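Two complexes come next, and they have one chain in common, chain A, joined by chain B in the first and chain C in the second.
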Partner chain A sequence: MASLSTSSLSFKAPSIQSTRTSQVLRKPLSFQPISFGRFQSSKNLRLQISCAAKPETVQKVSDIVREQLALSADTALTAESKFSALGADSLDTVEIVMALEEKFNISVEEADAQNITTIQEAADLIEDLAQKKPAA
Partner chain B sequence: MRISVMSQMHRSFSIDLPSLIPLQLPSRRETHLWYVIPDEVKSTSLLKRYSQLLSPIEKDGVDQMRGDELKKNALLARTLVRTTIARYQTNKEVDPRSLMFKKNVYGKPEVDWQNCNNQPLHFNISHTDSLIACGVTVHVPVGIDVEDKERKIKHDVLAFAKRFYSADEVNVLATILDPEVQRKEFIKLWTLKEAYVKALGKGFSAAPFNTFTIQSMPGTEGAYNLCKTSEVTADPPEETKKCNGGWKFALFDLADSHYAAVCTEDDQANEGAPTKIIVRKTIPFVEDQLISERIFL
Partner chain C sequence: MVDKGQVISLCRFLLRAGRQYPDYNIREYAKRRTLDGFRMNKNLTDHSKVVDAYVEGKKQLEVVERLVKVYLAYPPKTKNIMELKLQ
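Entry: the complex of A and B
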């Protein structure tokens, strides 16, 4: 059963800025990530009506994470893989965000940058930001 | 047979654990910094003992780490915190297993003293692949960060700084011509800024890296100042800088391999007074080694 540890739930609207998306309905048990020496600010949750990030996005994020953390080829990465569990510290997370910004041509706000904890969350944020950009 | 032996051990497990040597609390103007070098802890029986100290949630956390080295380091980090804090309870012997932890509203880990009188002890941990550190203070919040001196930044250092650091910090870095020296200064700044945000304990969004500048205090070695930038709404918009003495910083070498930054809130009673940092290396239950005692202005 999902336990909501934050105090606000808002429905997705195009005008809402810089809130993290979280697959609330998909991962009911993962609300208290253990972080040793690294901690997270409270997260904003949104009920997402739209789909999760595309598999290609997830794959691209995984590739970037793999490179930044110098993971061996036999470290399996899934969308649920947590950065901290892979040995990423906050400097790694920031570098990953910078690489994502370059790869996807987006701009991530610092608060969002520090809040990304899994590959899925990074992919969702990327697609979210890409969607908000005016059509080229 | 085996099962009954196991349950015997569970019932009387205090006999199984060696006692911890108690420690004197830091004084108000001291920070104690303890560190463990994972490579120096090889004994599997010792590591097994450590794992018996952890709470179920902590054990889960260790299990979630991907790879043996990461698991070991996660185990050592929790062990260091539990044993160190337990040793400071000089009134009575405290079982490190009995300590409870919680997070403040922003997610910063703290000891949950439960029904005991509010203890003045504060702690903060930081670790890299090769070193785990825990800072301890009384009465004032503390934040620490350690980084491997040789850590390579994948991006261009100045581009990184322009993206995340304050304008003044970028200017300082931009004047450094040697890329190695520049990289090292970048890392030092990172540890100082991290230590501050962790000492503040309100999460990274409360103090975005580009809203404050940490600069070295001229004429000192290892002492730094915090300047907060705020934009005054005017036309044209102005930036004002407030360099207050509210936080004390110290930066120093650790184990020849790392930079360590310690940030503590400036105790109003002792505002501006120098701070002493006592560094000790440890292997929990095995040995302590005093490394250094140093005063920072």
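Entry: the complex of A and C
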């Protein structure tokens, strides 16, 4: 339990500092009789879906996308770039997802793979799976 | 009736099956051939041709899965040089 809370805390460190303080302020108001560690991790999991994945992950995903689609070095790749906007059709998307699976050693489900449209979504999914894997 | 989702799923299954080969050459060939095959037929408009291609793909998937089992029984003894990391 303690290790889970510390790992979740370290994950949040690079991004949102302000919401952490607001969480601590909110805690006494909540009537849930859950321990501090579990409260943090449940909040964390919900935040995880909306907040950004680590920048290194996004960078690695961008590199793989750039390589697969043979983009020139000066095409700007932001986290919100859609694969279709970069000139990828569904087959290219499948190839990108396969390359990401190999690189990060994860296994993406059918349903998840169909819903990936931007680099950000891919990075979030990877983070999600990478976190779930050691727990399983 | 074969829809786009099924085609994409078939492509994914083929790629995943092809990844299991222990031999580097066959593995790379399987990946290249599936992608080439799907790209070649990408722009088919006639639905009966699409269905034919899909059925052909399904047959190839069976072949790939069967052969993976055979090849896994006799894995290569040494790693292919392409698989070695640059030192």
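Everything below uses one rule, namely that the second predicted complex is superposed on the first by the 83 of 136 C-alpha atoms of A that agree within 3 Å, B and C clash if a C-alpha of one lies under 4 Å from a C-alpha of the other, contacts with A are read in each partner's own complex, and residues count from 1 in each chain.
Quick note on the criterion: a residue touches a chain if its C-beta (ideal position, glycine included) is under 8 Å from a C-beta of that chain, and two chains touch if they have at least 3 such contacts.
What you see is a predicted model, and the numbers here were worked out from it, not measured in a lab.
The partner that reaches more residues of chain A, of the two candidates chain B and chain C, is B. When both complexes are overlaid on chain A, the residue A:T75 reaches chain B alone and has no touch with chain C. Of the two partner chains placed by superposition, only chain B is touched by A:A85; chain C is not. By the touch criterion defined above, A:V94 reaches both chain B and chain C.
Residues 89-91, 94-95, 98, 110, 114 of chain A contact both chain B in one complex and chain C in the other.
Contact residues on chain B toward chain A in their complex (touch as defined above): 57-58, 60-61, 64-67, 70, 74, 77-78, 103, 105-109, 124-129, 147, 151, 153-155, 160, 163-164, 190, 194, 198, 202-206, 208-210.
Partner chain A is touched in their complex by these residues of chain C: 4-5, 8-9, 11-12, 15-16, 19, 35, 38-39, 42.
Note for the complex: chain A touches chain B at residues 32, 34-37, 39-42, 67-68, 75, 81-82, 85-87, 89-91, 94-95, 98-99, 110-111, 114-115.
The residues of chain A lying in touch with chain C in their complex are 89-91, 94-95, 97-98, 102, 110, 113-114.
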